[in-house]
Amino acid sequence: MNVREILIKLQLGEIDVDNAVKLLSKTSVADLSHTRLDFDRTQRTGFGEVVFAKGKTTQQLIDIFSEFERRGENVLATRVSEESAKALSEKFTNLLYCEIAKTIILNSRKQAEQTGLVAIVSAGTSDMSVAEETRITAEFFGSRTKCFYDCGVAGLHRLIANIEEIRKANVVVAIAGMEGALASVLAGLVKVPVIAVPTSVGYGANFEGLSALLSMINSCANGVSVVNIDNGYGAGYISSIINKQVK
Amino acid sequence: MNVREILIKLQLGEIDVDNAVKLLSKTSVADLSHTRLDFDRTQRTGFGEVVFAKGKTTQQLIDIFSEFERRGENVLATRVSEESAKALSEKFTNLLYCEIAKTIILNSRKQAEQTGLVAIVSAGTSDMSVAEETRITAEFFGSRTKCFYDCGVAGLHRLIANIEEIRKANVVVAIAGMEGALASVLAGLVKVPVIAVPTSVGYGANFEGLSALLSMINSCANGVSVVNIDNGYGAGYISSIINKQVK
Amino acid sequence: MNVREILIKLQLGEIDVDNAVKLLSKTSVADLSHTRLDFDRTQRTGFGEVVFAKGKTTQQLIDIFSEFERRGENVLATRVSEESAKALSEKFTNLLYCEIAKTIILNSRKQAEQTGLVAIVSAGTSDMSVAEETRITAEFFGSRTKCFYDCGVAGLHRLIANIEEIRKANVVVAIAGMEGALASVLAGLVKVPVIAVPTSVGYGANFEGLSALLSMINSCANGVSVVNIDNGYGAGYISSIINKQVK
Amino acid sequence: MNVREILIKLQLGEIDVDNAVKLLSKTSVADLSHTRLDFDRTQRTGFGEVVFAKGKTTQQLIDIFSEFERRGENVLATRVSEESAKALSEKFTNLLYCEIAKTIILNSRKQAEQTGLVAIVSAGTSDMSVAEETRITAEFFGSRTKCFYDCGVAGLHRLIANIEEIRKANVVVAIAGMEGALASVLAGLVKVPVIAVPTSVGYGANFEGLSALLSMINSCANGVSVVNIDNGYGAGYISSIINKQVK
Amino acid sequence: MNVREILIKLQLGEIDVDNAVKLLSKTSVADLSHTRLDFDRTQRTGFGEVVFAKGKTTQQLIDIFSEFERRGENVLATRVSEESAKALSEKFTNLLYCEIAKTIILNSRKQAEQTGLVAIVSAGTSDMSVAEETRITAEFFGSRTKCFYDCGVAGLHRLIANIEEIRKANVVVAIAGMEGALASVLAGLVKVPVIAVPTSVGYGANFEGLSALLSMINSCANGVSVVNIDNGYGAGYISSIINKQVK
Amino acid sequence: MNVREILIKLQLGEIDVDNAVKLLSKTSVADLSHTRLDFDRTQRTGFGEVVFAKGKTTQQLIDIFSEFERRGENVLATRVSEESAKALSEKFTNLLYCEIAKTIILNSRKQAEQTGLVAIVSAGTSDMSVAEETRITAEFFGSRTKCFYDCGVAGLHRLIANIEEIRKANVVVAIAGMEGALASVLAGLVKVPVIAVPTSVGYGANFEGLSALLSMINSCANGVSVVNIDNGYGAGYISSIINKQVK
Amino acid sequence: MNVREILIKLQLGEIDVDNAVKLLSKTSVADLSHTRLDFDRTQRTGFGEVVFAKGKTTQQLIDIFSEFERRGENVLATRVSEESAKALSEKFTNLLYCEIAKTIILNSRKQAEQTGLVAIVSAGTSDMSVAEETRITAEFFGSRTKCFYDCGVAGLHRLIANIEEIRKANVVVAIAGMEGALASVLAGLVKVPVIAVPTSVGYGANFEGLSALLSMINSCANGVSVVNIDNGYGAGYISSIINKQVK
Amino acid sequence: MNVREILIKLQLGEIDVDNAVKLLSKTSVADLSHTRLDFDRTQRTGFGEVVFAKGKTTQQLIDIFSEFERRGENVLATRVSEESAKALSEKFTNLLYCEIAKTIILNSRKQAEQTGLVAIVSAGTSDMSVAEETRITAEFFGSRTKCFYDCGVAGLHRLIANIEEIRKANVVVAIAGMEGALASVLAGLVKVPVIAVPTSVGYGANFEGLSALLSMINSCANGVSVVNIDNGYGAGYISSIINKQVK
């Protein structure tokens, strides 16, 4: 952010005077040639920034991570390619790379404490990559999580065996491909908000996740809302801000 | 059918010589100007013919029913308009009209005995019209039925309360609109074939039943196959021939 | 609900023993021939039940409302036709009918106190019907609401003029048709969850709300999740349970 | 499955006490870290389990097969990559790998006897991969099969030449891509249920199988129901349980 | 057409000098305020003009017909509303109105002789409206026709009984809704071009004719090409020019 | 607009201080209960405001028009129902109602002079309603227009006969339904920007204008951009601001 | 073909007794294990068979070509991979391979004389692969062809410069991707049937040829019918049989 | 172009006599075997020709560039593959290759002076490739440009910080993927035409840019028109001709 942007944020009420002062003191460094980093989010929330790595070169990611490290901020990158992950791992020390979720976290300082509870329920093992992205995101933003994988509705006993545990959460994330029925069944069994994530798992007439998306958007159950296909990050983020508001 | 058609049916092996003889003896009357009636199906199966009333005029329906009555055969008409139903009711005595299913049965002779069991499970009260079409069709073709309406997955207890009864059937028909999750949940709980009927019940992104259709076609559960949106007749027919094959 | 269903609910952990006792004492009356009413939700939550009126006859609605009145419970009906609304108004006294939202509330007893805050922001005057359904639902379930109508992104000053007020809410509902950009812009300006409702307002290539749905599901902003097209009820429900969780 | 899941299955009536006892005696081993195997299906049916290999690593498949071998159970894996197939073949001895269908069967014990008859009719040689998956699945679940490949409707004589043989089956599977007309033509010529499998064979406006799917779902013939595009496994499974029900 | 347009047609080679002379001699009258009539087509071909009546007012149709009558030309109007048909019938004497096809022909002079043969084959009685539009168009443009209605593939004997007759045509029009399989089956049985017309007959997943359109466009048989859904006129026109070219 | 909104507009640079002063002096009247009118656009541009009448009641339209008349401003309403048009005509004197375009203009003061040139070319007479909306809008915003109707590509001579006239415009609007080829052909013949308007004219696989929209968006010609299906207003507006920029 | 199939073809009237005799004399060899070759088409028409190579292995193609060579028949293979083409070229001598069209012709005997005229008009150079497949197919089936490539409507002069030549053909094939306007423009300029081939050339909202397909199916011009996207073979075949019918 | 085409262009009024003379003097060289180059556009406009490189071989591009160089004309190639770019760079000296935009410009003579102003605003860094294609195209055709990248609506302050600068342009290009809201927000803030470019940036339900396309086509703001998904070239071209018309 440059000076002009900071002042407009102040004008829009997105930051207060104290944050503006802090940001102004750092303007000379925040602007990489290829990316404008929004450090004030980190300032405000204490959680750190998120980088969507897909479409960024390895060098760009190294630049971004270096800047965050220099400032002592944490950063979460999603959809990181194997190649970029390897290069970053060689360069930085406080890295947490998750191969399944394709995420990397740079911990320049201690992560925020995790409180509350987000329950993450997925239908099949193929949904695990999306589910892990959700888990890592929610935890990065300070939520405690508990995962219940491989609980698809075709074997209802697996879901019912875990339902008491799931009910302890402040918000439930339901992750499923194919017909996405998990969201409706779950929402009928819990009283908290259900964030549904359709996945592209399946083949044929699932049309890359369309079947699950339509299924979830048309849920006959109360209390369901939906994010994009395979958008584990989005579900982790919104479920976390819902969770953090409780108590 | 005319003589030529009967002989070709014989050649194709669709009828045997006895039926061909019977049919030939009736060729002079079977050909209404607007419709070719296939009486030999009635002959073979003992169940009677089915007429898709949508797009036929009331007069055409009266002609058809008269012909069946004259021959002493039963006939089932689906998608009958209220207006046609009224006119037919005034003209014929042995009529069974179902306002919800929009079906009419003309019983020129005793209906076939109903055997076996087809379980018909529907998600909501709005699916009742399709479910009743299924029930009436299955019964017309000689299957005993049992209905479980308003058993949507958002209130799982309603389904589980009836599951022991449903398991007694030789085939289960699952009828649901919106996200159509019922088919998957049911197929996970029974061991017999599940015939799924997506309905156009819902609004918005259900796109006139597309969401339920895609959901059911992509079912994660084993043993599900699907008929057209709102096709209660089709589900009744195929479930009945599956049921009748048992024992 | 019948006895069997109540016991299964107990087994599933959906109700506790006390509620089961209460429910069992009322089983003789709760089962109308056409609809199974779920009074235990009312018991548990203190808010009352919701009836989706579309596809139900006026007589069925009268039966349902009578049953609720007899038990001294409140009920909210959505998508009520003008004709049904008139008939119900003549029959019941404690009715609140909203012509714009097409909702009716029967207040058999005092409504729950409204707490917290749900901000309801809509893009144009044509979205008002959906927005009002959201407002009435959220209030029925005990949430305080504040509405900001006609705040579409084509006149950004209208949104910015109200942003301080909107930021006071625990959850924001963004309602828009056409290109549905409101959800993304709002989510960039607030820190709480945004529930997005695409509406069918528009013409041509909006394909009955598909454009707004896709737009919202693909939002580039953090913290957005989406309900069905025109589903004001769904947004009111989930935003209310999010709001009520905030202490 | 863990102890809790087994007890819930008992409660849901999915298994009886004897099976529960057997399952409990094996709980210590059934839970691989990545997959929960459902051995009780094997127990109940005598046929063995099925594994959807797509999306599983070779190592995971080896773990699963080892577990089945250890228990002396059979297992069928579908959509196995060439690489996984090779690795499994080197490790296990009683393997049957079908390169066309991309299936592997591990015969830890004698396969069930094949009874009844499922007729598998495909339109072109390009549909053979789906057709073989159907055949292998149906046989794995104890059905006798007979295949009629390359019988597309553009050369009707090929179909009619085989129709007498096809009519001997208890259920017919119709497999076709492009315009999928085979299902309708077949259903007009047989009296048993027809399970239709649209395939993705074709190009241009077949949209990866959509044309065949819509064609089959809209069949003008009686007695057709449909599974997902290229879902040979699903057709094999449901046709087998229909076939096995016939005494 | 005005003078300028006529000269450009001459320049483009669409008319020759003789026609240009004739047309120029009539320019003062051909231009109704609302419609530009192309009389030179009539001149050239001897068949007359066609008017797409949908979207034109009754008065506009009367103006157009009057102009044709004044000049002694024939005209065919398609998609004529009942109301317009009635008004035209009262006003003109040499009218042929077909209620099923919704066409009107004004015979100001003798129709051209009909030669060759176009076979028109339709699947069901509901397709008759489209089929009749095809027949009337083809005859208007000078082709002899023969119709084979109610020959859907679900009862193959009906098609085979007529196949020898159909083979006598120079071109075959295949008209079907639902799954549109008729086009493929027919094309496999004849050696001449097949013009396929998908119809909107059906419901649910036929999506107003999309299923039949995709089916026909993806035909596995040789020699099929396709016109728009319900476009009986288009099929009649192109089949007629193909037919007229023979011999 | 209220005071807050005016000040934010000033802050956003949308108005200058003089306009802000004028607007503030009128805030007490501009806010009808149902609609917020944006008089400052009128102030700035000298053209007047536009009202999208669809979805507004006749009474709301009367209120809006009264407010404009009171202030001496012009207003254009589009998509006005026949009923509303009649009521408005009885109430106001300086009204221009166009039945074809479904527009009404209230001229409280003299319309702006029309300068430059916008050429409006449409394919068929059925596109006239959209074309007239374009013409009226462009003229309302101060552009001179010239219309070329019924110039579809199937009769290329009609287009070429007018091409010299069309080339005199600063911008060309191409309006067509069905296959929408007009836009590409026109863009190949002129050097100025072509604004393409797909219309919903057609049937069957035009899917309410989708075919024309896709056709125009994929134009192989340079210099084409596209507005929504049937959006004559949008084309009139953007073509007018392009035209007005040309000195 | 086996004996049974030949007799049924006789019964269906597809072949006469002489052909049946010939075919029966060859039954021992015609049935490769993987493919049933239909030599009687070759017998009847004198043109030879066509093989769709996509999805067939190189070895299968070699087997098929060997069989044709042994019998002294010609064969055309379409969609031949580069690899297969190379292998075939090494094995057979009388091969004509077209790299652009991806076709191979094996001339075991002299090709039929080419008569009549098919005009093949394509919009851009990227459509050349489809256009060449059309040309080669039409010629293989005995039609003379003339090609007019790179004649898209964006440069109308290229089309008009060739229109006199194009008008000499008995049938015109119009090949275009993107917005596919070429078909409509051509059909407005010629009097013979136009076979339209949409191609997948383009990007973005052309959706792999959907835009061109919809455009052509909705053509406002008379005398257009359409084949599948990129189906150069289909267009070559049907245009050839139309052309060959013209005396 | 050959002689015939030049004369027809003269006839169509696309060129005047002087240009015709010039063109005729060069006809012997303009016709490469694979491509017809339209040098007269270069002659008329002074800007040079554009080549769509996708689908052209490297050798074809070399031929084309050589021809332009020989004539001393400039040429812009878009969608150039890395491989072709490398080969061209080795062969020609006055080349400008942009790796991000995948464009190459051959400057055989001085580029036209850049005048006016086109503002190019993009939502995210992933849209940069499209944005750069727009910039380079607009500049090639003589427009001055200014770019504002990474200004998505989720961070409104970035857009507002630049809005004064953006308002100085004669036309604004808005480039965005995902939900494409940028176009609507921008159009609400400026008074000049907005050309919207949807991009395929995103995943899941963006369906390769469909969400952004529908969003932009349905914009609630005035003054927006849309080009194809990822069509940076198209936006650059039309925005440039709009810009060049001013003053």
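First chain written, first letter: the chains are A, B, C, D, E, F, G and H, and each begins at residue 1.
Operating definition for what follows: a contact is a pair of C-beta atoms (placed from the backbone, for glycine too) under 8 Å apart; a residue touches a chain by one contact, two chains touch by 3 or more.
Since the model is a prediction, treat every value here as computed from it, not as a measurement.
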Chains adjacent to subunit A and to subunit F under the stated definition are C, H
In this assembly, which chains make contact with subunit D and also with subunit G? E
Subunit B onto subunit C, same sequence, C-alpha superposition: rotation to the nearest 5 degrees is 90
Please work out the Cα centroid separation of subunit C and subunit E, and write it as a whole number of Å. 53
Chain centres from averaged Cα atoms put subunit D and subunit E apart, in whole Å, by 48
Roughly how far is subunit E from subunit H, going centre to centre by Cα mean, in whole Å? 44
Taking each chain's centre as the mean of its CA atoms, subunit D sits from subunit F at a distance in Å of 59
Where subunit C touches two or more other chains at once, by residue number: 12, 14, 155-156, 160, 189, 204-206, 210, 213, 217-218, 222, 228
If you go through all the chains, which pairs of them touch? A-B, A-C, A-D, A-H, B-C, B-D, B-E, C-F, C-H, D-E, D-G, E-F, E-G, F-G, F-H, G-H
Give every residue of subunit D touching subunit A within the complex, in rising order. 2, 4-5, 8-9, 12, 14, 34-36, 38, 54-56, 198, 200, 208-210, 213, 228-231
Which residues of subunit F touch subunit E in the complex? 125-126, 150, 155-158, 160-161, 201, 203-206
Listed in rising order, subunit B residues that touch subunit A in their complex are 123-124, 152-156, 176, 178-181, 183-185, 187-189, 202, 204-207, 210-212, 214-222
Please output the residues of subunit F touching subunit H within their complex, sorted ascending. 12-14, 50, 160, 163-164, 167, 170, 189, 191-193, 195, 213, 217-218, 222-228, 234-235, 237-238, 241-242, 245-247
